[in-house]
Amino acid sequence: MERGAAPGGGKVPVFRLRGITKRFGGVTAVEGVDFELLPGEVHALVGENGAGKSTLMKIVGGLYAPDEGSLEVGGEPAAFSSPRESEAAGIAMIPQELDLFPELSVAENLYVGRRRPRTRWGGIDWGRMRREAGEKLASLGVGLDVSAPVKRLSTANQQLVAIARALLREARAVVMDEPTAALTGREAERLFGIIAGLRRRGVGVVYISHRLEEIFRIADRITVLRDGHLVKTAPASALDPDELVRLMVGRPLSEFFSRHPHEPGEVVLEVRGLGREGEFADVDLVLRRGEVVGLAGLIGAGRTELAQTIFGIRTPDRGEVRVFGEVLPPGSPREAMERGVFYVPEERKSQGLIAPFSVKDNITLSVLERFTRFGFVSRGPERELAGRLAGALSVRGGGIFDPVSRLSGGNQQKVVLAKSLAREPAVLLLDEPTRGIDVGAKSEIYRLIDRLAGEGRAVLLISSELEEILSMSDRVVVMREGRISGEFGREEATQERIMAAATGVRGPSAAVAEEEAGR
Amino acid sequence: MSATQQTLRGRLSGLGFSRELVLLGVLLAELAVMSQLSPVFLTVGNLLNLSRFFVEVGLIALGMTLIIITGGIDLSVGSNLALVSVVVGFSYVWGLPLGAAIVLGMLVGLLAGLFNGLFSTLLGLHPLVVTLGTFALFRGLAYGLSDADAVSSFPAWFAYFGQAYLGPVPGQLLVFVAAVAVVWLVLSRTAFGRYVYAIGNNEEAARFSGVPVERVKVALYAATGLLVALAAVIYTSRVSTARGDSGLGLELDVISAVVLGGASIYGGTGTIAGTVLGVLIIATLRNGLLLAGVPSTWQLFLLGVLLLAAVFVNEFFRKEES
Amino acid sequence: MSGAAAAAGEGRAGLLRRFLARPEAPALVFLAVLVAVFSAVADGFLRASNLEGILAQVAVVGVIALAVNQVILAGEIDISMGSMLGLCAIVAGTVAVATGKLLPTLLAGVAVGAAAGAVNGLLVTLGRIPAIIVTLGMLYALRGVILLITGGDWITGIPREARVLGLGSLFGVGAPVLVLFACYVLMELVHRHSGWGRDVLAVGGNRSAARLAGIPVDRVRFWAFVLVGVAVGIASVIYIGRAGSVQTNTGAGLELRVIAAVVIGGTSIAGGRGSPLAALTGAVLIGVILNGLVLLDVPGVWQDAVLGSLILLAVATDVLRRRLIGEKT
Amino acid sequence: ACGVGQQPQQGGEQGGGEGPNKICMMPKLVGIPYFNAAEKGAREAARELGVDLVYDGPTEALAADQVEFIEQFIQQQCDAITVAANDPDALAPAMKKAKQAGIATGAWDADVAEDARDVFVNQATFQAIGYKLVDVMAEQTGGKGKFLVVTGSLTAPNQNAWLKEMRERMRQKYPQMEIASVQPGEEDLQKGIDITKDYLRANPDTAGVFGITSVALPGAAEAVQQMGLKGEVAVTGLSTPNEMKPYVKSGVVEKFVLWNPVDLGYLAVYVANAQVEGTLPESGTFKAGRLGEVKMLAPDEVLLGPPLVFTRENIDEYDF
C-alpha cells in the first residue's frame, strides 16, 4: 500500500464522510455525520439500535446515496452508485444481515461477483477455486467442506463464510457490521487475530459491535452515534466503558445484568431421551417454574436443534417432551404453543418476523385466534395488545402500524420478544435473544427475563456469550456434539468449567482441544 | 429512472395512489374509449350481459388470488372445470338425478383441489409442478370419462344456473358479487386471511409463529377447487353442454386477471379489489373490441399490449422499494 | 461428472449421495425406470430408430427448455415461447421459401427470436414489470402479430435445402438430435464454466445478495431472456425442417410443455437450483411418455390422464430422494 | 321477475327495412386457410347481393368463445346470424336467444341443434364424406388392411360422425378393412407428424393413414414422406388443396377429399340473405348466384353438393 503523507504529517484517510444525511421517508437515519477511517486503524462505530451505524456504512458501501454530504476516498471526492463501484475503490463490506447464496457451494460463495480463477482454455478452474477457498477459510481457522452448499452450514459457519468473502479481496478498508453477533468466543478470537493482521498491513477497519469488551480490546478510535447524530469521536484510550455507555444511551446505565434468583418451583418442562439423527442424542432436561436455565455450548453443539425440536418445528426420532406432566405431541409448534411453550428463534430475519407486516401484525400473529369472533379479527383489542407490548419493550423507530422491516435490528428483536410475550408462555425458549442488540436494549431484555422468571415462568436461555449465561442463569447446562456434557448450579458455574464441558477437555489443554474440536 | 420521474411518482404515490386506484383509472379510461368506438357498449343491457362472460373466470380468479398470495399457483383450474362439467353431465346421463349430479360435481371439484393441496404440501413439492401434472390428469379424466362425447340433454331448470335473470341482472352476476364479498371479508378481516399473507411473505416465520401453514394451503386449494366447481356448473348451464374440452386455456385467463390486479407470483401481495378490477378490465376490453367490430385477430395483439401497458402504469405509480 | 475426482476416496455410498444431491437425480431415476418398463411391455420401443425418433421429437422442446432453464435458474419465468416459436417459424419459413437456403433461414429465425427475447428482457429489467406479466402479454401480442401478418394462411412448400436441421442426418443420427445434443453441451459449458452461467445461479439464488456482490443483475437477467429468443429461433428452424410447412397456431401450448420439461427435470421454479441436464432429462422424459402412449396404443381419450399421472409420479420421486439423502424438514 | 333465457331489451330491426341487410357470419375459428377460403366466398356473395357482412369468430376452436360472439352479434342488431358450430348444443341457448330477438338464424359447415336455427347449409352429408374417404382408400389398398386415423380434436362432433360412417362403410363393403387406431393430432401439425411416425414404426403392417382434418392430413403425409414409405402406406383424408399440393405432386397422396369451402361460404351468405328476405323455399331447389340451382335436402337444410376429390390432375385449379 502506498499512501502519500498528507501535509501536516497525518495520513490520508482511506475514506472520509462529511456532513452525511440520509432520510427514509419521514425518518432521518443519520444527520450531518462526519466520519473518517485512517489506514491501519481499527475504528469502532457504536450506538444504540437504530442509531444509524449500518445506514452510514451502507453509504460507504454504495448501497445508499446520501441525501446530503460528501464522500472522499483516498483524498479524492467519490460517489458510489452501486456496491460494485465501492468495491472497485477498495472497500469491502461484511453486511449485518447474512446475505449468501444458499444453493451454491462454500467455495463459490466466496467468488460470486469476483474474478474467478480460470483454466488455460478459459473455463473456470474449479480445482484452484476450491483450493484457494479452503486456504482462505483455514486462515480463519475454519475447516469446512468447501464443495458443500452453504445452506447446510450453521449460522455461525455462514457468518465465517461471509467474513472470508470480504477478506478474499485485497481491500484498503474493511467494514464489519456486527461480525461477531453469531460467533462464539473462539471464532471471535480468530477474527481479532485477523483484524490485527489487517491493521499491520495498513488496512483500515470499521468495526460495528454491541459487545463493548470487544470494542475496548481492538479499537484504536471510537465513534459514537445517537439518534443519527455524531456524539463523539475519540481515541479508545480516552474512554472507559461507563463513559461509552453514557455517550451511547445519553444517561448512565445503573444495572446491566439484573437477576433476582427465586426459589424454583414445580417441574414445567421435562425432556427425556430426546434425539434426532445426526443432530443431538439422549438429551434429558428439566425446567422449573421461575427458573432461568442457561444452555451453553460451542458452535454446532446442537442447541438450536434441541430447542426447535422441543417446540415442534423439528420432529424427534427418539424421546419425548412433557409439559406439566403431559406428553407433548411431537412435530407441532401449534400444539406446543397451546400447552404454553414458545420459542424465540435466533434467525430474526427468516424465522422471527414477517418483514412487510406491521409491528402490530407481527406481535399478534401467534395469538390472532384469541381475537377472533366468528372468524373475524376484532381489531380494537388486537391493537391494544400490540400497543401495550410494544410500549412495554420500548420498541422505537416506528409506530405499531409501520412495517417491521423499517426498524433497526435491535428493535426488530424486541418485536420478536413482544410476539412471544403475547402468548404468555409458561416455558420460554430464547435462542440468542440479545444477538445484535445494543447495551440499553440488552439490559432491558435482561430485566425482562428476570421479570418473566419472577412471574413463575421457566426460561431456557441459549447464548454464546458466556458472561450473559453466567450472570442470568440459575443453572447452566452445557452441550457438546449433540449431548449434554455438563450441568452446573449457579454457584458452581464458572467460565473454566463451562468451557471444559463444552470442549470436553479440562485444564490448560482446553485451548488445544478446542482447536481439535474445530476440525 | 430519471429524478423527475421519481419525484413525480413520489408525489403521486404520496397522494395515495394505490394500485387499485390506478387500475380503476385504467378501467374508466377503457370504458371511455370503448363507448366512443361503439354506441351499444355503454348501455346497461350490454354491460349486464357482458357480466355473464366473466363470472366463471372471476370466480376462479378469487381463489387463485389467495393461492398466488401464498406464493403458490394452480394451473389445473381449466382442466378441473372440464372434469366437473363432464362429471355433472355424464352422471346425469348415466341415471343420477341432476341435483345429485351437481352435488357430485361439486364434490369432485373440491376433491380435485384437495388433491392438489395435499399432494404438494405432504410431499413438499412446488404447486406449479404438481398442478402441471394435474393439468394433464384432470383434462385426461374429463376426456376419458366422457369418451370425448358431449352431453346436452339437460332438463329445462338446469338453465337457471347460467341463463337466469333477476330483472335485468344475470343470475350468475349475483353469485359472483356474493363470492367477492365473502372472499374479500375472509382475506381482509379474518385470521385466516392474515395467515395467507403471512405464508406468502415468509412461510418459515409463519410456521415458527404457529400458523398452520399446511392446513391453510390445503384449505385454499380445496376452496379453489370448489369455486372452480361452481364456475363449472354455471358454465355448463350457460352453454348447456358438458364436454371434455371446456375451459381450455382458462388458467391463463385467470392468471392474467390476477396478476393484472397486482398480485405478485412471488407471493405476499395481492388484493381482491385488484383482482376484480383485473377481471373487469380484460372482460370489457374483449367485449368492447368485439362490439366495435375490431377483428378478433387484432384482439389478441391488443390484449397483450394492454396487459403490458396497464401493469407498466401500475408499476410506475408503485412506491419505490429500496 | 467432473467432481468425481474430488470424491476420490469416498466410497460407493458417497458417490450415490453425491448423485442423489443433484437436482436432476429423481427425474433421471424415473426416466430409467420408465425406459425399462416400456422396453419390457412395448414392442419396438428399444429399437434404435424409435429411440432416435423420440429424441428428434423432443428436439424443439428440448432446445427451448435448455434456454428457459437459464431464465428459471435466474429466478425469472418466460411463458412467451409458444407464440415466439410461431413467429420465428413464420418468418424463417418465409425466408426459406424465398431463398431456399439454410443459412438465411437460420439467421432470420434467430434474429426474430433474439429481438423478441430482447423486448422481454428490456421490459423486465428497464420497465421493471414482473416477467410473468411481460411474457404473458407477449404470448398474446405475438400470437396476434402472427395472425395479422399471415392472415391465417400457412406457409407451405419449404424447400428441402432449408430443412436440413429437420431432415438431415450424420452417421445415421438425425440433425434434430445433433442440434439438441450440441445445444446441451454448449449450455453445460456455459453453466459450469462461464461467468454469466454462474451469475445466473447467484441472481436466482439470492437476488439482493447478488446485487450486493456487485453482479450486474439486470444485465444477467436480460441476457437470459435473449438466450430464450435465440434458442426459439434455432428451434423454429428445426420445426420447419421437420414439419415442412408452418401453420398459424404453431407453438400453441408450447410454453407449458417447456416449463413442464424444466421443472419435472428438477430445476427449482424458485430459481438458483438446477442444471441443463435437468432440462434435457425433463424434455426426454416427456418425450418417452408420449411415445410410450402411442406404442402401447393407449386410447386417445385416456392419453392425457396417463401423461398427468406419470408426471405426478415423476415429481413424487423427489420425495424418495430426500428420504435417501436424509434431508429433513 | 325471474325467467329463464328471457333476455330483456333490444333485438334488431328486422326485414328489409332501410339500409342493406346485415349478415353476421361466424366460422369455427379465424386464422386457418379453410375458413379464410370460406370468407372469400362469403365476401363475394355479399358483394353480389349488396349486403353488409360481418365475418368474425374466435381465434381458437372453442364453443364457449363462440357463444360470446353470438351474444355480441345480437347486440350489434344483425338481421341474420349463421354459424359454423364447434358444438351443436353449446351454441343452442345463444342461438335461441337470437331467434327470440327476431333474427334469422342459420348454421353452415357444422350444424347447431336443430331447434336452435332455422336452416343448415350442409357442405356434404356425413355419410357422403365418410363413404368417399373409405372408397378412395380402398382403391389404393385393394380393399383391405389395417388403418390409422389421425383426427383433430377428440371432441369434434363432425369428426366422430365421419368416423362412424367410415366404419359403417368398411363393415358393409370392405370387410377386410379395419381401423386399428384413432390418434388425436390436436390440430397441431408437428404432433400429427410425430404420432403418425411413432405409430407406423410400432405397426409396420399398417396399410394406410386417414388424416381427417386440414391439419392432420398434411401431418400424416409429411410423416409418410419422411419415413420413405411412399407407395407402401397410402394416405388420404380431408384437407385444403394449397396445403396438400406438395404431397399430391410428390405422389405421397394420390387423392384426397373435400368440398369447396369458397362455394360453401358463398352459399351460406345467399341462404342467410334469402332468410331475411323471406325467399327461401321449403323444398325443391334454390337459386344461389353463380352456383346455380342448389338442392333443398329438407325444409331446413340446403346441400352444397357432392364432395370433391382432389387429384394431381385437378388440384391446380383451386387456390385456397
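Read from first to last, the chains carry the letters A, B, C and D; within each, the first residue is number 1.
By our rule, contacts are C-beta pairs under 8 Å (C-beta built on N, C-alpha and C of every residue); 3 or more make two chains touch, one makes a residue touch a chain.
Which chain is which protein? Per UniProt: A = Ribose import ATP-binding protein RbsA 2; B = Autoinducer 2 import system permease protein LsrD; C = Autoinducer 2 import system permease protein LsrC.
Source: prediction; values computed, not measured.
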Most distant chain from chain A by Cα centroid: D
Maximum inter-chain contact count - chain pair: B-C
Intercentroid distance (Cα basis), chain C paired with chain A, Å: 43
Distance between chain centroids, defined by C-alpha means - chain C, chain D (Å): 36
Interchain centroid distance [CA atoms averaged], chain B/chain D, Å: 34
Junction residues of chain B, two or more chains touched: 143, 146, 148, 244, 297, 299-300
Sequence positions of chain C contacting 2 or more other chains: 143, 147, 152, 300-301, 303, 329
All pairs of touching chains, each written as two labels joined by a dash: A-B, A-C, B-C, B-D, C-D
Of chain A, residues touching chain B in the complex: 24, 64, 313, 333-334, 337, 343, 345, 350-357, 361, 365-366, 368-369, 371-372, 375-377, 419
Interfacial residue positions of chain C with respect to chain D in the complex: 42-44, 47, 49-50, 53, 57, 60, 143, 147, 150-154, 156-157, 167, 239, 242-250, 252-253, 290-291, 294-295, 297, 300-301, 303
Chain C partner contacts - residues on chain B that touch it in the complex: 75, 119, 123-126, 128-130, 132-141, 143-144, 146-148, 244, 252, 255-256, 259-260, 264-265, 297-305, 307-308, 311-312, 315
Complex contacts: residues of chain C adjacent to chain B: 77, 123, 127-130, 132-134, 136-145, 147-148, 152, 256, 259-260, 263-264, 268-270, 299-309, 311-312, 315-316, 318-319, 322, 329
Parts of chain B lying in touch with chain D, wherever the complex brings them together: 40, 45-46, 49, 52-53, 143, 146, 148-150, 152, 156-157, 159-160, 163-168, 235, 238-241, 243-249, 286-287, 290-291, 293, 295-297, 299-300
